[in-house]
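Input: a single structure, listed below in structure tokens.
Per-chain residue numbering starts at 1, and chain names A, B, C and D are given in the order in which the chains are listed.
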Amino acid sequence: MDIKSLEDRFNEKIDKDIRIEPKDWMPENYRKTLIRQISQHAHSEIVGMLPEANWITRAPSLRRKAAALAKVQDEAGHGLYLYSACETLGIERDQLLQDLHSGKAKYSSIFNYPTLTWADMGAIGWLVDGAAIMNQVPLCRASYGPYARAMVRVCKEESFHQRQGFEIMLTLCRGSEEQKKMAQDALNRWWWPSLMMFGPQDKDSTHTEQSMRWGIKRFTNDELRQKFVDVSKPQADLLGITIPDKDLKWNEERGHYDFGEINWEEFFNVIKGNGPCNKQRVDARRNAYDNGAWVREAAAAHAEKKAKKQQAA
Amino acid sequence: MDIKSLEDRFNEKIDKDIRIEPKDWMPENYRKTLIRQISQHAHSEIVGMLPEANWITRAPSLRRKAAALAKVQDEAGHGLYLYSACETLGIERDQLLQDLHSGKAKYSSIFNYPTLTWADMGAIGWLVDGAAIMNQVPLCRASYGPYARAMVRVCKEESFHQRQGFEIMLTLCRGSEEQKKMAQDALNRWWWPSLMMFGPQDKDSTHTEQSMRWGIKRFTNDELRQKFVDVSKPQADLLGITIPDKDLKWNEERGHYDFGEINWEEFFNVIKGNGPCNKQRVDARRNAYDNGAWVREAAAAHAEKKAKKQQAA
Amino acid sequence: MKDQNLYNYVLQHADSSLILGQRLAEWCGHGPILEQDIAMSNISLDLIGQCRMWYQYAAEIQDEGKSEDEIVAFRDAWDYRNVQLVEQPNGDFAQTIFRQFLFDTYSVHFYEMLINSKDERLAAIAGKSHKEALYHVKWSGDWVIRLGDGTEESHDRMKAAIDELWSYSGELTKPNETETKAFEEGYGVNLAALKEKRDAKIREILTEATLEVPESTYTHEGGKDGRHTEHLGYILSDLQFLQRAYPGQEW
Amino acid sequence: MKDQNLYNYVLQHADSSLILGQRLAEWCGHGPILEQDIAMSNISLDLIGQCRMWYQYAAEIQDEGKSEDEIVAFRDAWDYRNVQLVEQPNGDFAQTIFRQFLFDTYSVHFYEMLINSKDERLAAIAGKSHKEALYHVKWSGDWVIRLGDGTEESHDRMKAAIDELWSYSGELTKPNETETKAFEEGYGVNLAALKEKRDAKIREILTEATLEVPESTYTHEGGKDGRHTEHLGYILSDLQFLQRAYPGQEW
């Protein structure tokens, strides 16, 4: 078949919402875009382990310690699914990791912010996972099969995390004055970065249109962001803490909340590398990888020895 | 002059209590014994920094933090004096350190015990420095000049440390029940190892006789140990805590306190390397040295560059 | 207190599980291989789950209305009864593996034997924990073999780990008064019998890993009676920070 | 509270001195050269001495009968006002040196200028501290030169240290509201003027050390208003442990 027919068939599948599978023909750009998007997502899970891991040893109760550990472990698991989905597109996990460590590949900028109090474990679950779910649920219907299936598993666990995070916030907000202050402080620090998680405004977003056509993006950044604000405001009210945006108010006409201008300078600055923890996060991952080199080599060497012995026997 | 005359002259000086100085002739065994003794003492100061340094970052007040830091710094200073005294005998500090790291050279076994609570900072000052002073004061009259002069400086600071340690204990003993329990616990753990600091019983001590003749030891181990017990018992009474020895009681006839049998098996075991912290202490010193190699090399390289520049100018 | 010896016995196992779980949790996000990061979190989770069962039972025996978290947060190091092995630093992956292996070879047999405890609660805790310990010892044993019989570097690192930790192995099987009494009263485990099984397992795995079993029988001890290494204080200052800084709150 | 802005101003300098002193104290017994171990203890001692003067003054301004130690022990990280630079880990000796150098080039000029404060207490603290800061900046500056212009390895390590820490430099000279007001009211220092002097000093020393002054002007900030890096919490959990575990005691 010539390229033209292949393309037609591919587009037909996309139009009919038939999943593209690894062995199917696909346009090179589709493949590349998917690798970028899925690996970025995988990296976000892995880097995203770090800010929360920071509070496991200091969790205030054994129950919370176990929950925090299980949550971060889930994130590692999500990383695994997503790296595997990426590998079906013909690229090795090792290459993906090297791209992360060199700074070539990106991850969600939200993880360049530090976790400064226990309340951040609540705020991350509530807001960051909440925003992530909003981004991800539509991707359970992504056109690429392995990606869509990975997202189904991810989303199920994420919504559990989100409820858990909200419950941490709720406990704090019902607690002492200091605990409530802790919750408010966390909301103050995580609110705007969470809004930034949906990416640049639609008018500045470069990939959106093509990705929507390919069915690997289902809603625009601004649509999802609006949805997030609409969902979060009543939750903050329920908690009894205040979203740090004086322009946030219900717009009867639009049927949505209006909200203030995002500090896009900060957004692009953090993406550029100038966030509070960019260097620290990438260094931590690179160190884990580099310090683990001898372990991976040993495992490979032993596996080979074992295989030889079995062959000989 | 022949060896015999040199020896006679050396012995005459010793007999008349005239100090031996670095340029004077001395018997090879005297030199070797001194190197062993002084370097062992220097190493004890340096290794002895570690158990106390362990509580500086956790000192309970700024005043105590500063005092602890100053004390450990003094110990480093003592190490410096003593390494310098040793160097006058024709051996380099670097060689001495290597002997420490290889395990060839010894240091006082007391520092192989861990500091487990803040009260240990008191107990070490009170008991360990107290025992050290008893060992050291006579050495201010040691026959070797640089050693004797170093000891004068060391002893002056040590007795300050000893009072400071006692004062920490006193504060704890006048404090809460828990603080008093902390002080008693520290006494329980440090008492017997402190008695061991005076070395084996005279009947098992190998070097004593020759060293006494040479004037680099002034009292026997057992004499000093008895003196230490006699001084410490009333101090413990003053603090209101109990020395963990049921056989400790005043002997009217001897005019001294009788005390129980020391666990010499533990003593020799710890010397052999099987103390709670032997490996940890030597590893810490070796790591400091090894990790500092590049710093020493850089300092030397820079000094050389600078010297060359000054020559050229 | 209903039974001081039982309380001490329970507490010492609770503390060992907690502190080892805490140490393993320090690896979270920093493991050498993503799959092993997950495995360490898994074991850490099991250990924390186990220690909760132990602490809950301890709280009942103590009968002062304390929660598991109060028992954890408001004791200083000298009241902790964990073995000294578990408070040793993670070091490199080889050291973490060997520490785990030394603990797992103990705990798998400990729980196996504790199933027959005349104390039903202990038997129940043992039943649940034994299954987990079987998985743990499989994991750490496999890694001892892989690293010992891997590359020259990994072999050397395993040797260094053994050198570092061997002297903390013996405390696990050397009964203190509490354990002796617990065995005599029929609810504790016979450590002499356990030691035999464990020694055989250690020998088997180290041999397969082309590593030597050290000859030294010297062992650090005292952890089970509250005498620790200098590491524990630092572990507790993080572990207890929030409860101590904001006492009496729900979290 | 007599003067909230003065209190904040005093506290932020107290906290920076304390935390840097605490970090340096971690080196005690582990320095690369015995003489430098002593030098670091010396500087740490000076910093702790300085912070005590600051805290004592803070306690007077606050006027709630708190001791210096209560101010230190019973604030969580968000109430600490030190710059983020001083809470960065020691790293290797190059990193410690460069952190110290960045701080010293600030503090020597800060105290020099603060001597003219219209607040007599501040002027007195400055007079005493300035002499110490002169020695500190000489020491750290000499080491920057020695390591930068030493061996290839030491040069590379200095470059890595600069790379690690440069973005924490700017906070020292970027006034927050407290500092702006303090300057306007005549008791604080003019950070713009200080910055010029400090930049010149940094440039001079780095040049002599054959190192480049980075071009990036991006700076982390927020420490002076209570927003820190993830390191501070761990520092405080050790620093405050005893006071929190046994509150209200004399030590």
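We take it that contacts are C-beta pairs under 8 Å (C-beta built on N, C-alpha and C of every residue); 3 or more make two chains touch, one makes a residue touch a chain.
This structure is a prediction, so every number in the text was calculated from the model and none was measured.
J.: What's the minimum number of touch steps needed to get from chain A to chain D?
T.: 1
J.: Count the C-beta pairs in contact for A-C and for B-C, then report the pair with the higher count.
T.: Spelling it out, more C-beta pairs touch across A-C than across the other pair.
J.: On a C-alpha centroid basis, what's the spacing between chain A and chain B, in Å?
T.: So the centre of chain A lies 58 Å away from the centre of chain B.
J.: Based only on mean CA positions, could you tell me how far chain B sits from chain C in angstrom?
T.: Their C-alpha centroids are separated by 37 Å.
J.: Express in whole angstrom the distance between the two chain centres, defined as the mean CA positions of chain C and chain D.
T.: 41
J.: Got the chain B residues that touch at least 2 other chains?
T.: Counting only residues that touch two or more other chains, chain B contributes 58.
J.: Residues of chain D that touch two or more other chains: which are they?
T.: Residue numbers touching two or more other chains: 76, 233, 237-238, 241.
J.: When you draw the chains as points and link the ones that touch, which shape shows up: line, ring, star, complete, or other?
T.: Drawn as a graph, the chains match no named shape, so other.
J.: Following the definition at the start, I'd like every touching pair of chains, please.
T.: Result for touching pairs of chains: A-C, A-D, B-C, B-D, C-D.
J.: Could you pull out which chain B residues touch chain D in their complex?
T.: Touching chain D from chain B are residues 46, 49-50, 53, 56-66, 69-70, 72-73, 76-77, 79-80, 83, 118, 168, 171-172, 174-176, 178-179, 284, 287-289, 291-299, 301-302, 305.
J.: Which residues of chain D touch chain B in the complex?
T.: Per the stated touch rule, the residues are 18, 22, 25-26, 28-38, 41-42, 44-45, 48-49, 51-52, 55, 68-69, 72, 92-93, 145-147, 149-151, 153-154, 157, 238-239, 241-243, 246, 249-251.
J.: Where on chain B does chain C make contact in their complex?
T.: Residue list for chain B touching chain C: 51, 54, 58, 114-117, 185, 189, 269, 274, 276-277, 279-280.
J.: Quick check on the complex: what are the chain D residues that touch chain C?
T.: 76, 233-234, 236-238, 240-241, 244-245
J.: Going by the contact rule set out above, which residues of chain C touch chain B in the complex?
T.: 76-78, 164, 167, 218, 220, 227-230, 233, 237
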